[in-house]
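Same chain, two partners: chain A is paired with chain B first, then with chain C.
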Partner chain A sequence: MIKIIRNFIKRIFHQIFQGKKHIRLGLYGPPNAGKTTLANRISLDWLGEEVGKVSKVPHETREIMVKEKIIIESKEGKKISFNLVDTPGIATKIDYEDFLKFKMNKKDAKKRAKEATKGVIEAIKWLDNMDAVIVVLDSTLNPYSQVNLTIIGNLAAREIPVLVVANKIDLKKSKIKKVENAFPQYDVVGVSAEKGHNIEEFYESLFRVVK
Partner chain B sequence: MPHQCVRCNKVYSDGSQELLKGCDCGGKFFFYVREKHLKKAEEITQKLTKEEKKQIEEDIFDIVDMEKDDRPVILDLETIRVLKPGKYELDVVKMFKGDSLVYKLDEGKYIIDLLSTFKSLRERKK
Partner chain C sequence: MLTLQFLPYHEMSSLSAASKINKILNLVKENKIVLMEGRLEPLEETDLIQRTMEGISKSFKGIELCTIYPEAKNEKLMKKAIRNMFNKILGNRQGLTVIGPATIIKEIKKDPNKIQLLTNNRAMRKRRRKK
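For the complex of A and B:
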């Protein structure tokens, strides 16, 4: 108990005198864009452990997942310390029949749809707690979707710093230019979270966005 | 604005006694429907079987993390539309705005749950 109180006081002291250096960094985006893959990449790079399971079936992440105290360092020695918050994919339509294609049984598919809907509410609820957000988009798809525009528009309205990640640049259909054109007022970085392509530039962009 | 009983599809207007006590059929779960969507809402609910309606009722309670009790509950059809168990349409624009998702009735008053609570928390923070 005394240890807990001591740690608490230490933390408060640290926050008051060191300024707010520890932030909450959220990963937002539509389902299957690669949020958890990117979260795993970041966490593996700096902590050596994964955040969550990834799957080809949409809505694999249906609950908020937090990886605490990740500290990343730039080439110039700048540091950012953050809690990484991986969120469920935000969608306008969730249909259990879409999951049946992946050889899932009806009961499990319906349960998945229900949990995914709950996940969308959770993700939106958490938005106000974020200090900065990485919006992860699938660069092989049309960026002008209602979900993408709504997420980015709401982040702008809340004045939360945004880094747009155009994921899956390793795929032939990837069109990073289209993502850049859709969101010209934002830092857009193309990566392949799965293959690790361009991850160094991603970290550099993160340092630019999160000051 | 009309309210439609999830179980028997009966439509009640605003301020009806049934909304406070529950529907004649015993149901205490209502869809809140705007006039312009009334026809569509009726079409959707009429096609549902008894089992499906029951399932929707249970799923919604789970989704909004609410204990099932004796108070009537009203689900805003504009924010989350449940077409069938496992089929959902979400109005993310409204959800981000913090528009209310579920209203719970208590002693004749509307208590706004969930998203609007977050909205007011946000406003308080400012």
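For the complex of A and C:
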């Protein structure tokens, strides 16, 4: 409760005295939803450089990565300036044996699992520092997973503006409607961060959420 | 054999967030599946995930968690306000939360108002053999 009030006061103070010229925009979601792929897409589009490495092995991003001073511009000439914060995927379980399936040796898998648990803790701690959040979900999977609901519930409790991105729309199994039905109170935009499908609409939605 | 432990609302409502999480995690670490009346607050849920991550070890791989919370669609504003007021006064005991060890529960599938628990048969067999 104290956290919510503190965050709310901080945001009001920030809005009054500094204006919303420069914000901290977080990328949150479960592992392998495509957060870093989307971060790379945004950063490549506006800065010409990538944020981090992507992989099919879950928990590739195990540390918070920040790309500073990205300025995006809408068709109407509106601008948003932000620090893009790519966070490790949030999970409720981490088993090193899951990494062995990706032909990783036991020692590396154990190391990765240990780093991944720390990454989840860091990602949760950073929730308090966000001005707006893009929740990246894999649109080929069931959106009602508890991790998704917990992340979005937390952002709602902290009154942080949220844009839900249903990623991987280029895949046959993708079901954006299901994501929209799961989170009817939020702006949901379907994209393929990897292929760049629907990225223009994503930026327009971002302008609507981060006013 | 699976053990289900029920945690009624009156048993949890008087506890602090930290005590609730301790209680849940202690039961889950004993390989019990916890059925909790009501739900955790969103911030308590993230605290639970954080504490789970801090406790990951050779024998504890994490948790599976799922909450069913009936929310009436197209509910009128007045009705919703009254329901919220009652929840504030009497406590929100609506919904059910299922929390279990990841070694036993492989996956919890939730489709708004239905929960399917998929258990890890290999882990169950291992436990049986140990006994």
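Here is the rule we go by: the second predicted complex is superposed on the first by the 192 of 211 C-alpha atoms of A that agree within 3 Å, B and C clash if a C-alpha of one lies under 4 Å from a C-alpha of the other, contacts with A are read in each partner's own complex, and residues count from 1 in each chain.
By definition in this document, a residue touches a chain if its C-beta (ideal position, glycine included) is under 8 Å from a C-beta of that chain, and two chains touch if they have at least 3 such contacts.
Fair warning: this is a prediction, and the values are worked out from it, not measured in the lab.
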Chain C versus chain B on the shared chain A, clash or fit after superposition: clash
Which of chain B and chain C A:A156 touches, first, second, both or neither: second
Chain B versus chain C as contact partner of A:T117, first or second or both or neither: both
Chain B versus chain C as contact partner of A:E73, first or second or both or neither: neither
Touched partner set for A:D128, first chain B, second chain C, both or neither: first
Which of chain B and chain C A:E63 touches, first, second, both or neither: neither
First (chain B), second (chain C), both or neither touched by A:K93: both
Chain B versus chain C as contact partner of A:D45, first or second or both or neither: neither
Partner chain(s) touched by A:A109 [first = chain B, second = chain C, both, neither]: first
First, second, both or neither for A:Q146, with chain B first and chain C second: both
Clash with chain B (superposed arrangement) - responsible stretch of chain C out of 4-12, 58-66, 94-102 or 112-120: 58-66
Contacts on chain A seen with chain B and repeated with chain C across the two complexes: 90-95, 113, 117-118, 120-121, 124-125, 127, 146-147, 150, 154
Chain C residues within the chain A interface of the complex: 41-43, 45-46, 49-50, 52-54, 56, 61-67, 102, 108-112
Chain A to chain B touching residues, read off their complex: 90-97, 109-110, 113-114, 117-118, 120-121, 124-125, 127-128, 146-147, 150-151, 154
Sites on chain B touched by chain A in the complex: 59, 62-65, 80, 85-93, 95-96, 101, 114-115, 118, 121-122, 125
Residues of chain A defined as touching chain C within the complex: 1, 3-4, 90-95, 113, 117-118, 120-121, 124-125, 127, 142, 144-147, 149-150, 153-154, 156-157
